[in-house]
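Before anything else, here is the set of structures, which you'll find just below.
Note that chain A is present in both complexes that follow, paired respectively with chain B and with chain C.
Up next, the complex of A and B:
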């Protein structure tokens, strides 16, 4: 990789892209081979991997909207990475096709006879049917594509000198964009994850899914920035001050995630209504408590305590380890949401979990690098770019 | 205070930039008990004065951890030993419900310790300070930028310090003489 410090452009990214594409093709081929051996396992593993990468991209979309709405200074140097991720998000719609094909394996409400014979589910048939499910998914991706494209294009145009109108446009798109983002993400999590248990419902579930994805994206951003730094890219652009702020954001949204998770748990535990407790009951069968407690400690307690001291938030070596740890925990969180539907008696990992992760992830990173290397790696034309470069924590 | 005793020396500076420079020079020449006064906060002043980071976090942190644990144990004690009541058919030791109150107790005590600790570390409240012997000092809340050096400082010598403040660009250098 070659980096031109005057234009902020990168060249010779072929090796990284080849590696990513190789991992993607190999991973997906192996995963699809798994379909012929264990078709149920294949679809569930694929769904976990898919949700992991989609949730990261949604976290990026939220951050870009948030940056524009709050008029952040510190985050400007990081924005192009996020903007590239949100341009990958629409491509993930293509990767939804296997899930549509495997609906009968994943969602038991997709069987007409099950719906007809279940007094509760038959009332939900107006919402839970394959046609409407497909239309909704298309709508989510269309909305995300529209918002992402508008924000990305405007930001690129600003690279050659920004006008006040463009800054205004970004804000004007972001305000309704944020509302649409909240609605689509909530319903997407209801459709894709909550409907795995068609009887169960939790109104806070959308926030739980979103906050997990946001934490994952912040960890990914930290890890990716440090990866670029190791390669000698953007070394003087993303400084320890920006990592300090990223660490604060991870810290804050780890707490937010914990708050959402605990709120969901406490209300269900407190009310003790069978159709709600079924979710936690399934995650307390056999060896599942191990994963449940791993999430409580690994996704909340450990990162919370680890990120408390200021010195930890400014230690780049420590952050690169912690961000990977948080990313792994985010994957386990998604695994915990999806897998107990398939393996009711206890935890069972499968090689397909890994291959599908690298399969989708490889394509994700390939698409990312393809877009990322086309333009400056940071929004150089932003009116407050200089201010962001020289940003300092008090 | 004994009337006529020199409690310190004060000098006025042109603008915030000059004040920062003065603070750096005082820091580098070994003065410890000096302070800068300006009508508004100035970025970078902490480093210029050589101030260390506040230790307040290390006081509040342990208090928070102790109180969240204490809140949890207190609720456990009330509902299992002091008042063992069965509520909605749940076990007496229903730890799931204790989180909210333990958390609230932690926030409350942390906030109080932060406030009291901040005041204590800043040596507040206090009713008097030698800088108030200077008439000009009133302008520190309007348009004046001042540096004051206290007589307790090891390096403090009336003439030397006054000369030094003059040499680094201080105007209207004035001895703070007790007059009450």
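Up next, the complex of A and C:
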């Protein structure tokens, strides 16, 4: 990779793109081969990997919207990475096709006879049916595509000198964009994850899914920034000051995620209503408590304690390890949300979990690099770019 | 830097936070003079009104203790009436203060400096008002100390699994940390007032409370660190207090109370209502004391944005509850929400929806967002709406529970109303005393956001 420090462009990204595409093709081929061996496992593994990457992209969309709405200064230098991720998000709609094809494996409610014979489920048939499910998914992606494109395009135009109108446009798109984001993300989490247990419900579930994705994206951003740094890219652009703030954000949203998870658990545990406890009961069967406790400690306690000292938040080597750790925890969180539906008696890892992760991830990163290398790697034309570049934590 | 912006940078620079070309001296003068001069006539009129309401409060509490809580409108299914509604309402009001002083501080939002002091004061007074209600609701007020886990010879302990006990810890911690945070912020300003004091007594009293502040480098260093740490400690409290309050309802199995979104939903509502109250008070105070240069339209506009955003968060929670009530397929849940919207309390429900979700949408328009009379009216609507939200939650779920034969309708009595009005009296009395005796805006922090505070200022403006 060659980096031009005057135009902030990167060239010669072929090797990394080939690697990503290779991982994607190989991963998906192996995963699809798995379909012929264990079709249930295939669909569940695929769903976990899919949700992991979608949740990251949704976290990125939230951050871009948030940056524009609050007029963030420190985050400007990071924005192009996020903007590129949100441009990958619409492509993920294509990767939804296998899930649509595997509806009967994944979603109990997709069987008409089950719905008709269950007095509670039959009431939900107006919402939980394949046609409406498909339409909703299309709507989510259409909304995300529209917001992402508008924000990305305007930001690119600003690279050649920004006008106050463009800054205003970004704000004007972001305000309603945030509302649409909140609603679509919530219902996507209801559709894709919560309805795996068609009887179960939790009003906070949308926020839980969103907060996990946000933590994941912040960790990804930290890890990716440090990866670029190692390759000599954006070394003087994303400084230790920005990483310090990113670490604070990870710390803060780890707590936010923990708050959502704890609120849900405490209230369900306390009220002890069978139709709600079923969710946690399934995650306490057999060896599942191991994963459940791994999440409590790995997704909350360890990063919380590790990120408390200021020195830790400014130690880049430490952050590159921690961000990877948080990303893995985020994957485990998604695994924990989805897999107990299939493996009721205990944890069962499968090679397909790994191949589908790299399959979708490889394509994700390939699409990312394709877009990322076309333009300056940071929003050079943003009116407060210089301010962001020289930003210091006091 | 090789890539330069083609557009002049100052097209995008924000106008200064404080208007009127203030100097350090003029800021000190504007804010300190308020507490040093004889109060204005308006102050006396308002204080007279507020303190008469306190008399109503004291009288009502006296009668309540004498007669028992039967004087309220509470009845058999509706065992929690206005008292709990008022408690949640007042605790919620306090949240804006902590959000402004702690959370916005951590997020480096400099505009908070003009409003944080009196918002924090408001927090403390609101919590005092809130604590009255559970205090008198216990019936035998004289043994209220049993709410605390105090070792006693009869070995009677409160139930540690009860959210009502968690409330005592949560609100107690919140009150003490808020007080400490507020006082820490006040120290340099108290020292300023001490240095300006004309009488010996005033000098001595202020000297005592400013803890020997001299404004030395070392003192500032310690002070800044202490302030940051307290901000860090207060931030989780913003979330925890109202989360615990929400568990008073949500840990039960009553439809409409038991909902997993309750903790964040209550926190958002608390911030929403608190900001509305800050707005109401800020507009009045700024007008009476001519503080237009310090609390500028920009500040008010940003607060309106926070009101709009938190209002939408509350709206999100309302819609999630409604959707899940249907989606759950649970007939009790579904009934409760339909009953809220179309049952005997529909009037209260629609007041809540219009005041909290619909009316704040007007702030999408910049014209309304920056019009002082309109934002004043809207802030009052939000205050009303948030009181009704707590009323709707508390009463509708209880009035129509699982057994139709036990349903009843709640109607407030004279004493319900007098206690609510009285608590407003207490709140305003404390607030008026505060603006009379203490600097209602942080002098030091305002100086910190003046352009002159930039170490490089004089290099460019020599």
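Please note the rule applied: the second predicted complex is superposed on the first by the 394 of 394 C-alpha atoms of A that agree within 3 Å, B and C clash if a C-alpha of one lies under 4 Å from a C-alpha of the other, contacts with A are read in each partner's own complex, and residues count from 1 in each chain.
Here, a residue touches a chain if its C-beta (ideal position, glycine included) is under 8 Å from a C-beta of that chain, and two chains touch if they have at least 3 such contacts.
None of the values given here were measured: they were computed from a predicted structure.
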item: First, second, both or neither for A:124, with chain B first and chain C second; value: second
item: Dominant contact partner of chain A by residue count, chain C or chain B; value: C
item: First (chain B), second (chain C), both or neither touched by A:266; value: both
item: Which superposed partner A:132 touches (first chain B, second chain C, both, neither); value: neither
item: Partner chain(s) touched by A:284 [first = chain B, second = chain C, both, neither]; value: neither
item: Partner chain(s) touched by A:206 [first = chain B, second = chain C, both, neither]; value: second
item: First, second, both or neither for A:161, with chain B first and chain C second; value: second
item: Common interface residues of chain A - those touching chain B in one complex and chain C in the other; value: 266, 270
item: Contact footprint of chain A on chain B as seen in their complex; value: 43, 53, 57, 61, 88-90, 96-97, 99-100
item: Interface residues, chain A side, partner chain C - complex; value: 5-8, 120-121, 123-124, 127, 160-164, 167, 175, 179, 182-183, 186, 190, 199, 201-207, 255, 259-260, 263-264, 266-268, 270-271, 273, 275, 376, 380-381, 383-386, 389
item: Of chain A, residues touching chain B in the complex; value: 262, 265-266, 269-270, 272, 308, 310, 394
item: Complex contact set, residues of chain C against chain A; value: 1-3, 5-7, 9, 11-12, 236, 239, 243, 247, 250-253, 258-264, 312, 316-317, 320-321, 324, 327-330, 364
